[in-house]
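One chain, subunit A, links the two complexes that follow: it is found with subunit B in the first and with subunit C in the second.
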Partner chain A sequence: MEIVDFIAAIEEEFEDLNPGDVSPNSVFRDMEGWSSMHALIFVALIDSKYDVLLNGDELKSCVTIKDLFDITFLKINGGGANT
Partner chain B sequence: MIDLKGKTILVTGASAGIGAAVAKLCSDLGAKVCITGRNMDRLSEVSKQLSNESEFFQADLTLEKEIDNLVKALPCIDGWVHCAGIIEPFPIKFIQSKHIKSMFTINFDSACLLTSKLMQLKKINSSASFVFISSISAQHPYKGGSLYAASKAALESFSRSIALEFSSKGVRSNCISAALVETEMFEKTKNALSETELLGILSSYPLGIGKPMDVAHASAFLLSNQSSWMTGTNITLDGGLLLNTKK
Partner chain C sequence: MNKITAAITGVQGYLPEDVLSNEDLTKMVDTSDEWITTRTGIKERRIMKNGASSDMAEQAVIKLLQKKNIDPLEIELVILASVTPDYLFPSTANVLCDKVGMTNAWGFDLSAACSGFLFALTTATQFIENGRYKKVLVVGVDKMSSIVDYTDRTTCVIFGDGAGVVLLEPNEEGLGIQDHILRTDGSGREFLIQPGGGSANPSTFETVEKKMHFVKQEGLQVFKFAVTKMADVSAEIMEKNNLSSDDVAWLVPHQANLRIIDATASRMGLSTDKVMINIQKYGNTTAATLPLCLWDYESQLKKGDNIILSAFGGGFTWGAILIKWAYNS
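The block that comes next holds the complex of A and B.
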């Protein structure tokens, strides 16, 4: 699991994002038009793509895309992320 | 004054939130209360707060075998408030079979199976009253809540069928469609909301969001003889939220 694939999946999911718009340090809540629906889409995307279900507390603890990736990676492997 | 003396009331999902409030109020109003839930420690805690005779039964209503065991163990009942349920928001585009199953198994299947088995084992006294805790989302859905809303709409439809099918026994069945209530479920949901969104939601309730005891009072009325001419209906508890909803 690589962060570039993770970011590509996010950019593909959100229609108003273009390739290159998102970086590991992007603060996802600062995305234009951010709402709870976007949060749901993140959770659902990670669930369907990586079979990892993030709970509300875990989502709340994340600020950047890299935080999301790291917590997903940890839940898959129980180890450090390969960034 | 609502009086539940002499009645035995089953409350499912009684270990927290609305279920716990219903159990406490029914007990205060004189009923013998049978409470069920998955967590034995929390059930025991709720049980200690009941003022009248009570029994508690650990049961996972997502498992049919545990429903069978629960029904066998229960005494005959005069009323049932079905509070067991989950709320898991999920965008439609990502729905898989497992999401449908997990939502409907507890929110809908458990109500059907428990009703059926209570009837089969003749555990329902004549003139009993069933109350199903539903949601305004069954009629007024929200983004990400498709499965939850659908499961509650199914529950409401099922309740009307009970009202029709068992009317000859004097059994009544009604729903309470609640809007946002301050429960642990709501606390979890809040984590996905921005502060602006949360404030927007809270300000849309003319009377503020509900408390578990608000739902408990409506449940007690539906369980009581004072509502004996009500069946197949739905009481909306929304603090005025829907007054400004566009039709």
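The block that comes next holds the complex of A and C.
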């Protein structure tokens, strides 16, 4: 699991994002037009791609894309992320 | 003379007796009760082991006619929404009219997947509002177990079987169906589809081998579409009719996924006690979810309540209907 693949999946799912728009340090709540619907889609994307279901508290604890990646990686492996 | 509106004056459901629980599914595919519950909200669903969609619809219609003390010969039109008709033709509405003895009625099937009941109810409304018909039945029925692949853990946990029916009659008090917003977007057709059996892929040994007669779903794409469109259209019909969240008594959402239902209610500003939910008991019964909700909650509905029905489904199809409820139970 690589963060570049994680970011590529996000950029592919959100129609208003282009390749290169998102970096590990991107604050996802600052994305243009961000709403609670985007949060649900993030959760569904991670669930679909990695079979990991983030709960509301876990999502709230994340600020950047890297935070999301790290918590997903931890839930898969219980170890550190390969960034 | 007052304008004639089309009002729901009776509702009835039918569910097969056999229960397929999450625990049962763990013995069939690699899943768990926790996985299914956290992702969908479903605990169990009903399965019809013997019989066809028309048999479930027949039970619902007979009970409704008995409850309303209406002779089958009084029914003039039957519109039946389903993606699991008894046959490609003749229509299941046709079969149903024969089975129940509604020999003065004509009828037809309507295919709009999980939005089918919304589309059928809107269509039926036109026949009442124009003054030509006095008693119309709108049926939502699906035997999803007949097209679900019970080796596919992504779809087999979702669907169940069931039927619901409403009676539509003229109303001169301004009650009943007030407004509708219906949409289709065929560019999404590949994401939720039963690919085999129609003229695009006629039934062959190959279509059977490739499991093309089962429901195929791209879960993430459907979720993305559903969570945005169902919330958007529900909020849109409120705005169009100048309704605040305080004005809405009930949301009747399509029962596909509890997270989508919660997101829709949240977007409308509705508390959970105004949302009809029975997904935990029946799963997604496709065209039957909305009338089954109305049936389950009928005793709590009051004359004059503003009720919003909202759904999305394969096609893609989606929409919302605003109803001013016409009777106290």
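Everything that follows uses one rule, which is that the second predicted complex is superposed on the first by the 83 of 83 C-alpha atoms of A that agree within 3 Å, B and C clash if a C-alpha of one lies under 4 Å from a C-alpha of the other, contacts with A are read in each partner's own complex, and residues count from 1 in each chain.
Please note the rule applied: a contact is a pair of C-beta atoms (placed from the backbone, for glycine too) under 8 Å apart; a residue touches a chain by one contact, two chains touch by 3 or more.
Keep in mind that what you see is a predicted model, and the values were worked out from it rather than measured.
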Joint occupancy of subunit A by subunit B and subunit C, clash or fit: clash
Which superposed partner A:G56 touches (first subunit B, second subunit C, both, neither): first
Touching partner for A:W34 - first (subunit B), second (subunit C), both, neither: first
Touch count on subunit A, higher of subunit B and subunit C: B
Stretch in clash, subunit C with subunit B, out of 39-47, 93-101, 111-119 or 165-173: 39-47
Doubly contacted residues of subunit A, that is, touched by subunit B and again by subunit C: 36-37, 40-41, 43-45, 47-48
Residue numbers on subunit A that touch subunit B, as the complex places them: 29, 34-37, 39-41, 43-45, 47-48, 55-57, 59-60
Subunit A to subunit C touching residues, read off their complex: 13, 36-37, 40-41, 43-45, 47-49, 53
Residue numbers on subunit C that touch subunit A, as the complex places them: 38-39, 219-220, 223-224, 227-228, 231, 259, 263, 266-267
Residue ranges of subunit B in contact with subunit A within the complex: 89-91, 93-94, 96, 143-144, 188-194, 197
